[in-house]
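Submitted below is the structure of interest, expressed as structure tokens.
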Amino acid sequence: MDAPALEELLADVASGACTVDDAVRRLSRLPFADLGFARVDHHRALRQRIGETVYGPGKTPEQCARIVVELLGEPSGPVLLTRADPDQVKAATAAAAAAGFGATVTDSGAYATVSWRPRAERSRRVLVLTAGTADLPVADECRSVLEAMGFRPRLVADCGVAGLHRLLASVDELLDADAVVVVAGMEGALASLAGGITGAPIVAVPTSVGYGASLEGVTALLAMLASCAAGVSVVGIDNGFGAACAVARILA
Amino acid sequence: MDAPALEELLADVASGACTVDDAVRRLSRLPFADLGFARVDHHRALRQRIGETVYGPGKTPEQCARIVVELLGEPSGPVLLTRADPDQVKAATAAAAAAGFGATVTDSGAYATVSWRPRAERSRRVLVLTAGTADLPVADECRSVLEAMGFRPRLVADCGVAGLHRLLASVDELLDADAVVVVAGMEGALASLAGGITGAPIVAVPTSVGYGASLEGVTALLAMLASCAAGVSVVGIDNGFGAACAVARILA
Amino acid sequence: MDAPALEELLADVASGACTVDDAVRRLSRLPFADLGFARVDHHRALRQRIGETVYGPGKTPEQCARIVVELLGEPSGPVLLTRADPDQVKAATAAAAAAGFGATVTDSGAYATVSWRPRAERSRRVLVLTAGTADLPVADECRSVLEAMGFRPRLVADCGVAGLHRLLASVDELLDADAVVVVAGMEGALASLAGGITGAPIVAVPTSVGYGASLEGVTALLAMLASCAAGVSVVGIDNGFGAACAVARILA
Amino acid sequence: MDAPALEELLADVASGACTVDDAVRRLSRLPFADLGFARVDHHRALRQRIGETVYGPGKTPEQCARIVVELLGEPSGPVLLTRADPDQVKAATAAAAAAGFGATVTDSGAYATVSWRPRAERSRRVLVLTAGTADLPVADECRSVLEAMGFRPRLVADCGVAGLHRLLASVDELLDADAVVVVAGMEGALASLAGGITGAPIVAVPTSVGYGASLEGVTALLAMLASCAAGVSVVGIDNGFGAACAVARILA
Amino acid sequence: MDAPALEELLADVASGACTVDDAVRRLSRLPFADLGFARVDHHRALRQRIGETVYGPGKTPEQCARIVVELLGEPSGPVLLTRADPDQVKAATAAAAAAGFGATVTDSGAYATVSWRPRAERSRRVLVLTAGTADLPVADECRSVLEAMGFRPRLVADCGVAGLHRLLASVDELLDADAVVVVAGMEGALASLAGGITGAPIVAVPTSVGYGASLEGVTALLAMLASCAAGVSVVGIDNGFGAACAVARILA
Amino acid sequence: MDAPALEELLADVASGACTVDDAVRRLSRLPFADLGFARVDHHRALRQRIGETVYGPGKTPEQCARIVVELLGEPSGPVLLTRADPDQVKAATAAAAAAGFGATVTDSGAYATVSWRPRAERSRRVLVLTAGTADLPVADECRSVLEAMGFRPRLVADCGVAGLHRLLASVDELLDADAVVVVAGMEGALASLAGGITGAPIVAVPTSVGYGASLEGVTALLAMLASCAAGVSVVGIDNGFGAACAVARILA
Amino acid sequence: MDAPALEELLADVASGACTVDDAVRRLSRLPFADLGFARVDHHRALRQRIGETVYGPGKTPEQCARIVVELLGEPSGPVLLTRADPDQVKAATAAAAAAGFGATVTDSGAYATVSWRPRAERSRRVLVLTAGTADLPVADECRSVLEAMGFRPRLVADCGVAGLHRLLASVDELLDADAVVVVAGMEGALASLAGGITGAPIVAVPTSVGYGASLEGVTALLAMLASCAAGVSVVGIDNGFGAACAVARILA
Amino acid sequence: MDAPALEELLADVASGACTVDDAVRRLSRLPFADLGFARVDHHRALRQRIGETVYGPGKTPEQCARIVVELLGEPSGPVLLTRADPDQVKAATAAAAAAGFGATVTDSGAYATVSWRPRAERSRRVLVLTAGTADLPVADECRSVLEAMGFRPRLVADCGVAGLHRLLASVDELLDADAVVVVAGMEGALASLAGGITGAPIVAVPTSVGYGASLEGVTALLAMLASCAAGVSVVGIDNGFGAACAVARILA
């Protein structure tokens, strides 16, 4: 239940469209619904403006489906299922469809991001940069989460520092952005470079792309944290979802 | 030279208050002044809205003083000297005073943060939380940088998760903040907790406080990056300056 | 041979129900039986009150079966087979069944926990908390070992700090518990939070759940060890078995 | 305010010895007192049975003194100052003495542990083992905290596995203990050995003693966590305080 | 070509059984034969008393077979193929059989050790201890290499420190051994214990057995290096071959 | 477009063989072609003398094929596809063949290196050493990249320090080389040894070959960086491609 | 004794300026002089073109002095003493002065680099870039070693990626250089950037400058090794000496 | 009490030179003397042939002195005090002198090794190699411990692989040695090289000498463990004492 839904409920009570008993019953479900294997947090959208997201790994397809349906059962914001495998996607989309909700599925190769009930479009400009083509799956997760939240991010792929002019060709977009997500593996230098060019908020996402001394993304993570460009902040390795949420907090 | 200073210069040219020759001479100094040991970036405030900051360690007191004076020589935003030792503070404040600029010095024990020419006050609400009293030096660096940038951050110290009610007593401030900086060592759990309560942007600063398995702040760093609260972003260990800059980007 | 079994044997000798020769033969098997590939420790239950547990990985199904049967051949406490793969489960349960012992099998997905000859029920209250649904396999291993030892643990799943109220809803159970096991991955903050609320013994189990900067559970491990809540003690990553044994020591 | 103190207060109200107004004023101080630089947790002893401990590093002597006096101002259990340097000890003991409280100071060389208002003696048997003489400072911190909590721990120093018979000479004490703290550096094998002998709760404290491959205690920490003796639980490196608190939870 | 083979060759020249030309041709092959993909070291047995061993991983079955045959083509000591997969075993044993050499194959599950032309039996007593049954594959590699070198090692499996009496039952063998190999995973404490009991050379082999905090054998490796028992020396993780070679150097 | 191609284009304009309009259209494609998922850098060969290389992992076969064809569409130097899987090789070679370009494929087992349009042969002498046969796949990647760039490297395989004479047999080649690439896993000592013998540039490539304490190549990487032979420089683990590029820079 | 000195000696023998006996005596000193605590390598300059360098740490001032004098006693190339403390500088320069050799001392704050008998000037262009002013001590070590070897390196300080235009102002120098040394701490991105601009050999030197997540230079080291700019090679942290030697090999 | 002392005691009883009561009193002191802060192991020399060594760090000078005197009070083998600071040396030598025992003190700069009552000279040949002069302090600790045990080790300093001929000049000594200790920092390649030349037992001691990527000796440690020379075994970083003890076990 997010803030508009709560206001609507109270207005319905005021107008008589909803009985007090019904309102109490609905509100009594706050703050969570206990499914035994999960305590589904209906209060999160109200509190954090993001809504609870179902993280796929370690859950059975049935658990995913039940939590998604539970979340969709409340009039609130977008519902997300991340890092889902094909069985989880199938179970959750089928169950949600049975409840009348259509899904948007973004398949990033190793996993999928699924969203239901996207927010209305918002006008703030989000730019997602990737250093290379291989960073696209992480950028896609980020982009699909941003889209569920109402943003229309612009993606500029493959503008890493080995060919500097490829980034410089997008300097205007960098300077105009309200928030920038930088997705880069290997040495992650793109975050420093972008941070040196624009004053917009930079959320850096290290990726596990690379070899030699990339250490599965640890090198990019450390490099981004040690960036000489002041004010770059960082999320975990391959965490496109986290970066999207950080942007949602920033542009709320 | 920041954006208002640039506009003022052009207006002066338009009004005749500044000759074209003088304007050219001033603008020709862009983008940097080469002092031999440093290329002072006069363009940064315009580009990043933060201005170049002088990082003390590894520089002689004289180098610090010369860079500070060079930066103050341009009509721009705040000038900062961070992680300065007493000799650096003394040399830089004396040289700046000779040029007519008074300093604000925040001494955090192991190092000092010095600022000149603070920005005008801004109304956005920034909340700085610390898990313990020992995290205060890092929070103080963050706060003094924010103040140079015009913010009036509110500090709530010592509200770590071992006594949860201490944080809950400040829930209203958490919910009202435009941005929250969480400064915590040991296991850094305060970032997750704050991120679970508020939807505001959270910039987490791990500190090197703690022992046993704190690994000089690495544990808090990793824990904050792995936070189960979506959208928490992180800067480097003890990097109160970086957190302030991230907030400045977010609230620009 | 645990303490009650030893007392019973001696009483049988005293009453004539067991000849001295038989008693000597039985006791001569102490302290272990050498199967060539294993020295089965019949003395452990007497010494540690836990009994020797068969750790599956690296053993052939036949080795598992032979050790289990050897252990069941002595009148002692529960016998456990942990981290077993399907072939090991099949071989051991079949061999034990042939010897007249029925098994309890808890399948946690990646591996199974099998127990025979559970202890009589005990009244001490053990609470097992998990931060998320994905932590359930580890919690299940812990719970099944506790049940073999006679406890009836209460499981509260998915009460991580991103939705604090989910834990607060169980505060009474936390305050009433004789021992609490906290199972959490990612940043493992639930251990600190639980430790800050209750004065009961807390055994924290980091899990390998998570990504980004979870480092296969190392982050949760370090964070739990660095907990600001005093007196939290920790076992290895995903080691639900170890946590159950620590509880058994505490509540012996 | 711990549980007995709370009961006493309510009894005083019932008997008229305390006015309702006074009781309200006293209780209104719950849950904490905000000193600006610290939120002193008067509720912790009631909640956790341990009381808030003042961790010295990073605090000024004056801050230490003010927090200690604030804590002593409430009728509750023991008050502790740990990892204190000489100036902190001097300031805190002087301020407490002025308020009428005498201190017990245990100096471990690199730091001191100070306690006030110890609990009444308790009869449970705690055994503290050290692998070597160099582990004594950590054991001393543990012992002094245990003594403040009313225990009379027995210390057996220098019984590491290089001379196994030194430990075997104390087997009876191991088997009789209600809880065992094992303090060991280098490879930390003593924890496994003790855990293999007794069924009592084992709290293992790795120390930073050793060289060669001790990695400042990380080796002992990992080894204790990986112990083949089931149910050994572990606290952070050199964390004698944490081990004492874990014992206090276990024997509460 | 090892020392006895060299002496035999020279004796044959002296007696006329071998022409000088043949001897020159044979000796001219020293120091190695270049197969293009490998420089086969015929000189190693003479120099190191061990002979060159073919390490399987990364080589094709054909490369293994050709190197083995090349080595067998010289009258020298044992030839070994380690860490071989089934295709490598098949190719090498077939090629060697065609050249008239029978093989001894020890299959350790994940890989096999193959030896040809074992040395004559030697009388020195080598004791191989394992902490658990799961350490047997590493111990088997060690044992098979020792056997190729003429030793008849005695294996005592599963005598880890969780059940101390299992090791104490073999104290006489420990005291009588000329060299002891300790194979242990988890916390590797068995090396310290054995080193504390006997004055014989101890070669410790950490294994990757274990979980929780075993870090794939790194914990045992560090613990063995940090052993408080003086004079324990260590080889790499799971390196049963290396331990056997160290013993061969010691007992040469 | 590399330097000769640019000169040729300008000459064609001068001679009338190319119209100014065509030249402008061609040059306007600088600096890159944006394929959406990739910004193909046509300027790199001119700038770095190496040309853009397509790194396979994380790209679809179609993406690989389209980038390769795009790069071949410009008259420039060699085009490379590295770390390619069979589907990528198939797609890229087919697409390039359709455009009239034949490929050279070097299959290193786990991955393939593909090159098109090799440079003319160059006379500088490059020596590639490997410590063992298992290092050959990395050396093969290096060699195939060098060959695409016109070099005819000499490979000496399996001359590691365990049999020193195998390296000494190639001392003349070492002293005569214009550049030496040392490919070694395990402890990587061959780099120090080669660096101690020759004054030629040494590019060291650590490989992930080995076990025990090789840490997937990290040990060799660190050892090569810490080499006591002055002036050895290092590239990432298994990065034969990077070493070839470093040689190309050195011998340009 | 380097190559020219050797040729001169032989010419002197031919011309009668040196007796055969003297030549034999001189040559018999090859390959080293054993001082007991050091085996001084007179052969190194001939072999590696660099000459043996005396690494100060761990040597007494007297040992430094004796080795320097021993090296100067042969007619060869430059002699270097690196990482020297004041006592070592004093002892070595005094002893060398007594032998008639004047020194060049470069003091980098924490340590000094001393050189004697520099090589004749060479015309190859070496560019040394630093990311920040704090990287200057490492750059100074590199520069002073290059100067002893006859180069006249050009230093461009403080051109890190946070202000990209500062590097772009030196693009012509980058493109014209015969070799480039990049000295950078923090995230070390300057190496990737420079490598993306020029095709010259790049030797990257990570420095220990920075905090937050710099890990004493490990982050820069890893980032440089994982650089997306092909063909960047790397030396150890703060190893300006090593970088100079790598350049000397490249430009020999 | 070592073996000869025990035999002498029993002979004295047999001859009447010692009364049974005295013998019982003496033997009853086995296995240790409890000084409160230490359990002095009088049994160790008998068991391990090395005797208990007093490790200085973490002990007070008085504790060192008392343990040394206690050990000297029994007729046994050598007594050692290692890693002692000046106060410990002073206290221990004074106390021992008062008891009639003279000391041999080897000062290695950072610490001293002290020995009393050395064993009679033994004829086995021990060779101690160091890679550089800076490794001498560790080699000196090793040598002084070996000398206390009766060996007369031969030291060859500064024969690292950067100048291979310096080692080759000592090949005969390598081939003749009964045991070789290799002391090396940086990349530790000397161990592999020596192991490739000789078949004698090799005990490798990594040292913390070096910079750049030496990681305080961890690089040398890993490299030695990963050595391609079969049968090299390793002790901890800078652990010259441990290497000497390993040699003593080997040559017992």
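Letters are used for the chains, namely A, B, C, D, E, F, G and H, taken in the order the chains are written, and counting of residues starts over at 1 for each.
Here is the rule we go by: a residue touches a chain if its C-beta (ideal position, glycine included) is under 8 Å from a C-beta of that chain, and two chains touch if they have at least 3 such contacts.
The structure presented is a predicted model; accordingly, all values stated were derived computationally and were not measured.
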Neighbouring chains shared between chain B and chain F, ordered by label: A, G
Contacts common to chain F and chain H (chain labels): E, G
Shortest path length from chain D to chain G (each step joins two touching chains): 2
Same-interface partner of F-H, chosen from the options D-E, C-D or A-C, over half of the pairs matching: D-E
Which of E-H and B-G has more C-beta contact pairs: E-H
Centre-of-Cα separation between chain F and chain D, whole angstrom: 60
Separation of mean Cα positions, chain G and chain F [Å, integer]: 28
Distance from chain D to chain B - Cα centre to Cα centre, in angstrom: 38
Overlap residues in chain D, where contacts from two or more other chains coincide: 132, 162-163, 195-197, 212-214, 221, 225-226, 229-230, 235-236, 242
Touching chain combinations (by label order): A-B, A-C, A-F, A-G, B-C, B-D, B-G, C-D, C-E, D-E, D-H, E-F, E-H, F-G, F-H, G-H
In the complex, chain H residues that touch chain D: 31-32, 36-39, 41, 43-44, 52, 55, 57-59, 63, 67, 83, 221, 235-239, 242
Interface residues, chain H side, partner chain E - complex: 47-50, 53, 195-203, 221, 225-226, 229-236, 241-250, 252
Chain E residues touching chain C - in the complex, by the definition given at the top: 132-137, 157-159, 162-163, 165-166, 169, 209, 211-214
Residue numbers on chain D that touch chain E, as the complex places them: 131-132, 160-164, 186-189, 192-193, 195-197, 210, 212-215, 218-220, 222-230
